[in-house]
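Below you'll find a set of structures to go through.
Same chain, two partners: chain A is paired with chain B first, then with chain C.
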Partner chain A sequence: MTSISDKGGAGRPLLEASALTKIFGSLKACDGIDLTIGTGEIHALLGENGAGKSTLVKMLFGALQPSSGDIDWKGDTVAMANPAFARSLGIGMVFQHFSLFDALTAAENIALSLDVKTDLNTIATRAREIGQTYGLPVDPDALVGDLSVGERQRIEIIRCLLQNPDLIILDEPTSVLTPQEADLLFVTLERLRSEGKSILYISHRLEEVRRLCDRATVLRHGKVVGQCDPRKETSASLARMMVGSDIHVIERRPNDAPATQAALIEVNGLSQKPRGPFSVSLHDVRLSVKPGEILGIAGVAGNGQGELFEAISGEALQERADIVRIRGKDAGRSGISARRRLGAAFVPEERLGHGAVPDMSLTNNLLLSRYSTDGKVFLGGGLLRLLQQSSLALAAKRIVAQMDVRKSAENPDASALSGGNLQKFLIGRELDRNPSVLVVNQPTWGVDAGAAAHIRQALVDLARSGSAVIVISQDLDELFEISDRIAAMVHGRLSESVPIEAMNMERVGLMMGGADTASAHVNAGAV
Partner chain B sequence: MGMFEAILLTVATAATPLLIAAMGELVVERSGVLNLGVEGMMIMGAVAGFGVAQVTGSAWLGMFAAILAGAAFSLLFGFLTLTLVTNQVATGLALTLLGLGASAMIGESFVGLPGVRMQSLYIPVLTDLPVVGKFLFGQDPIFYISILLTIGVTWFLFRTRAGLTLRAVGDNHTSAHALGVPVVRVRYLAVMFGGACAGLAGAQLSLVYVPQWVENMTSGRGWIALALVVFASWRPWRILAGAYLFGAVTIGQLHAQALGIGIPSQFMSSLPYLATIVVLVLISRNKRLTLMNTPTSLGKPFVPDR
Partner chain C sequence: MRIELVKRPQHSALFSALSPFIALFLTLIAGAILFSLLGKNPVSALYSYFVEPLTEIWSWHELLVKAAPLILIAVGLSVCFLSNNWNIGAEGQLIMGGIAGSILPVVFPDFQGWYVLPIMLLLGMAGGMAYATIPAFLKVRFNTNEILTSLMLVYVAQLFLDWIVRGPWRNPQGFNFPETVQFNSSAILPEIWAESGRAHWGFILAVVAALLVWFMLSRTLNGFEIKVLGRSARAGRFAGFSAGRLTFFAFLVSGALAGLAGIAEVSGAVGQLRTTITPGYGFTAIIVAFLGRLNPLGIVAAGLVLALSYLGGEAAQVSLGISEKSARIFQGIILFFVLASDTLIYYRIRFVTRHSETAAKGA
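Our next item is the complex of A and B:
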């Protein structure tokens, strides 16, 4: 990697933001941020969730208007009125949650962001050309809804490149990619840098920032807390800048449960047709988890993890009752409450709207997942089944203390908590029952590092106390940190699980890409 | 004029208002807005068309008045749902009730008056061709407008930049906003187009189908048009096919009654509505087909963050 970071300092910068501030109500999402991006540099914007990274780039791209502060582009102060104006200046953006249209083709999606009137055939041809030049193959006629996440990102990048921008903003681009796909992306980005384009690279993954970026600006609580050359820092020093303190290291006691115990949760040959137009089918999924164990399930988003979670939790019923067995009992035809009564607990991926009802208080949300298993405690009055507010409040208090949930009111609505605190509450709600089986999908997605460490420790502790835990996650670091075995999902199939001692990044990457076919089939004997 | 030709002509006359109203609603729903007020906008068009034609003596002026009335009435819906972000379903229902009531009040003095009929086309030789002559070359202008409308909407939606933008807004309004598309303006235009179409469909009823004013003369056609959009899974050509199918059912039951087939007339008159239900059930069985084509933002309110 050649260093051309000196270009950034020389001459006038490409983009200069000074004292940018954005206030939402009483919250200062960005507080007097200064940022300078030079020509031909990859500039990292580091920070935890909620540090103000997204708000800052939305202002740079004209999607949000700053409350105060200036943006200079090539030396002139500009008012970024809207994204179209930012694009016309030469700023392109690839969003974290893709701004693509599922029902339109790739070429139509690209056409929408081009301001010039170009017919679809020309766009398709140019998209193919750019795709070949930068190693981003796409089929312009494919419906976006049918594409994988990696392919969608390619369309986003090509869409951005077709406008020939000077500055490309990438918001958490690798969060949805396999390690191998990420490597391909880095090659593309380095090539763009060598052509003199600037890239603002937003991430919280320190290793890739150290590998790729020339300069880094670190945000915390909406303020700039540091500027550095990431190649001269260590991951630990960058993390300390981001978080402001050292991060708790997960303690993993060895699993001392005897290996001869029967599995607490088993899935035997689960196959399922897609349940909606953009849903994935499952093929002969088999797994079993014994007491004391954590099984980690890796995979790029949209490979059937959500469907597997729904099948295990009972949101989708199976054809035969013995396909899902919980604590040795057939549960495949039982609903969610029946499965909970067998001792299982579930925490879905989507916190608001799936894990919790946003407009209901914490105690009501507590009752919603536990009225069946803990009806004796929370419901009284015999057949009337009246809510016992005092015991609900007591339980909520216990969970809040146990999980260190920070909240602003005594019993706030679920939507009033921050993502990390709500997630801690939702996981605590299930842990409070001391379940024998816990299945959790994306336990720390969008959760800040401190809360994530707390949640991971709680999952490890639950397993070591004799429960079986299944963690579905796209965060490989997390899986390596807490799992005893790791399996990967590809196109609705689950690979054989590999003990953590025999696992490394490269192997899990191959498994996630479906390349590790040797272990991709029948694994019933091994587990 | 043979029996077959007569049936063909009456089917076209019964199908045309459904086709026009449904085509307008298709555009509205493709933009992500669910306007259940089609019936109300249609009847406002019918009464405005009849009234203006009656006063001026010109069916054409009546037709334009109907289009304007429908568009203006839809603007009320647009203001409520797009600017004030009220619930689209409730507002649409309110629009229908308001339209039925207001038109009855406006049209009170029109009851029993002879209407002005829109003249049918006559091209020597061509119109006199056997069997298809009158169907192809001897119909009223609104019939031809309905066919042009189908071609035009198809071309607009799938061949023009503006149509692409409209579909994008209906698929994902947040993304469209992020790209700088004026979501609310696009939807206003779509809603007004839908209103104009519904108004025109109403004019067909009061100027062509039965050139007179009868209270509640749309008799549920707006609802059938709404069902047609789902039936057609938001595809213009399937709306054409669906409209003629429903037209045929409507006319079929009239002929069956005339022939004295021993089935209660109430049952026969309810056939088109029964057909609507059957078709909706059949369609909804195929989840993939319905969901793939359903505009994802349909009925969802849009409030841009700033």
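Our next item is the complex of A and C:
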């Protein structure tokens, strides 16, 4: 490992991990990983979900103990007993899921995480200083609950910088940011690098890694499969390293359905109050999707996408029947089963516990969303409504073959499938009945690249066969890949949709930030 | 240091199946320890508690008499518990069923005929259902905790029974004993084999109920709905099932079966309404339901086991000179071990020391 030259630092590397291995039961989450981080470099850690990135980072931060292998810090072998020890050495970490209390101010949240007791005024002053130095403007006295996701992330970064670390670990920092917010973050990170700090940057977004990072280590199945200078690679070559094979390119035929056709799904002025303390209200949401079309709905998580999904699916009913119309029929007062019978199908964001019952078999989970539309096939015995296990098994087999679902048993529980395979099954479950309308929330969240490509292709094919598809996603690359029009959700409002030809990253970023919602309509034709 | 339960990534299918037997075995060991602490020979004590009652024909009959209400109630409770409705008030529903079913023979003793008994059974079921509707309504309408409401309603029912048999329904020729008139012959649930013992048709009803509910749970969409909503309310809503409707359904089914158990007990085993129609069947049935793994067929077996504990208690009173209330202790120990074995199948115990705790906090 020492053979790899240490680009950023003078002399010895800042952190050097050799042959780090972590075994969970029979699974080698990390298998003999070597990693060298020099001083003053931004080092990318690339890999798909389940490649072992999180496990590796947790060992570096002391949150997990390696089964074998060594970590050297500034030349000395250290035992990272716990995160407090890692922090005392000078390692800071910003987690993907923030650990902030909504009801406390930014300064109070920072105070909670400090190992040494410091009074709030000092913290507020220092937080302001750091914020100014690094371009992280934040009001220390603001309640965290009132702040945007980007601002919360800044608090986490400031909290980390207050400890004056030499190495900062960032876990998927841009997954919750709009493109503009991400740009601001990159400026901060570049400034930190210029001061000689090192950054371990975990991501699966290849473009930003190529733009930002000096060096990249690629993991696959718990092993290091490559090290490279990402600026000399292409996105495709990095992706190939991550996945191990070429990724299927989505074929997207032009939509040849006549534009004069009536919309298959319409939402007309949907407003609703928040239904609980962690729910977002919706304001006058309008959309309509015609046969053959995919409407992509972009937005940072927590801007009302989940609420919109439940309103369209009928899990939450509307005040008036004409607010949601499916295939020209008022459906706003109908439940989810009635909407399914009108030809609509739904795939929610959460697979286990919403789209599927974890400890039920695949055939039972097939029945879950199909009993009302396919009662003739899956139920018998008249009023007794007996389950027809043989036809359920037949249909499950068909879906498994169609979507290439990999499973270890004939009819396993939903929870026994990997995320990608379960998602393929759940999407296949709906595609199997050829729905006229498909609404899907985060179709490829946490799904490996191969399965994601398969799912996206299936969505495009469904639309081109004459159905209307709504895809709610945080993954902008995905939306650009498959959508015909893109709209953005922010604070429970949905922007006008913009045709994909007139769309670019900057534009969608502005829409996600709420800036473009008013002007989008006017601009739509002009760009 | 503190103790934590950590979910196991996989649970053993073998131990899941063995769990009730492990629990019974541990109960016997705990019982042996208990008896030796009382100064009794544990072997002979356990023998007279659990084996001796099975050595005579008449006590087999008694076993079926005791098992009938336990099975009937537990079968209904399995529908409740599987659908995440925690009906703890079967005892009260049993009592109300017993009272409602007794209306004909007590208030209209001259109304006689073959049709009296079926009407009584239906009234008993209706009484239990009506009483179970209260916690169901409170839960669906006001989001009230059904554990509390159903349990509190048990005491209401007990006091109501006490009042009605001491007051308006007391037998005028009964020397002021708190009981109603003896039921006339057409209001008596007949014995199955009258020549050999007391076992009445209540046991047959219990087995039929168990078969019907087993069929519903394992073969019909209705049973599927119960299991889906019980495991994941959100997935159930996605499926288009209504949790509120199912809460009513589960409470009505279990209320009806508890009420049937009540009237079957009154008209089959007792022959009149008294203040003491149940030695806590409604509560013991909770143990039966869990020991039977919430499977109606398992519940038939578990009902016989728990019925044996009642007989053993009576036998122990005679031969060992200890209170028949010891049966309650055994029932409690069984429930404890059943729940403990089930928990340990899904979770393992971890001891958290101060050192590892600081590590965890830092993360």
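The definition used in the following text is that the second predicted complex is superposed on the first by the 498 of 527 C-alpha atoms of A that agree within 3 Å, B and C clash if a C-alpha of one lies under 4 Å from a C-alpha of the other, contacts with A are read in each partner's own complex, and residues count from 1 in each chain.
In the analysis below, contacts are C-beta pairs under 8 Å (C-beta built on N, C-alpha and C of every residue); 3 or more make two chains touch, one makes a residue touch a chain.
Quick caveat: nothing in here was measured; it's all calculated off a predicted structure.
Legend: residue contacts after superposition of the two complexes on their common chain; A:Ala84 is shown touching both chain B and chain C.
One of chain B and chain C touches more residues of chain A, and that partner is C.
Once the two complexes are laid over each other on the shared chain, residue contacts for A:Ala63 go to chain B and to chain C alike.
Of the two partner chains placed around the shared chain by superposition, chain B is the only one that A:Ala103 touches, whereas chain C remains out of contact.
When the two complexes are overlaid on their common chain A, residue A:Ala111 makes contact with chain B while staying clear of chain C. In the superposed model, A:Gly382 lies in contact with neither chain B nor chain C.
Counting contacts as defined above, chain A residues 63, 82-85, 87 meet chain B in one complex and chain C in the other. Within the complex formed with chain C, the chain A residues making contact are 25, 58, 61-63, 81-87, 313-315, 335-337, 340, 346, 348, 350, 353-360, 364, 367-369, 371-372, 379, 381, 384-387. On the side of chain C, the complex with chain A involves touching residues 9, 219-222, 224, 227-228, 231-232, 234-235, 237-240, 358-360, 362-363.
Residues 161, 164-165, 167-168, 171-172, 174-176, 178-181, 287-288, 291-293, 295-296, 305-306 of chain B are the ones touching chain A in the complex. Those residues of chain A lying in contact with chain B across their complex are 63-65, 82-85, 87, 95, 98-104, 108, 111-113, 117, 145, 274, 276-277.
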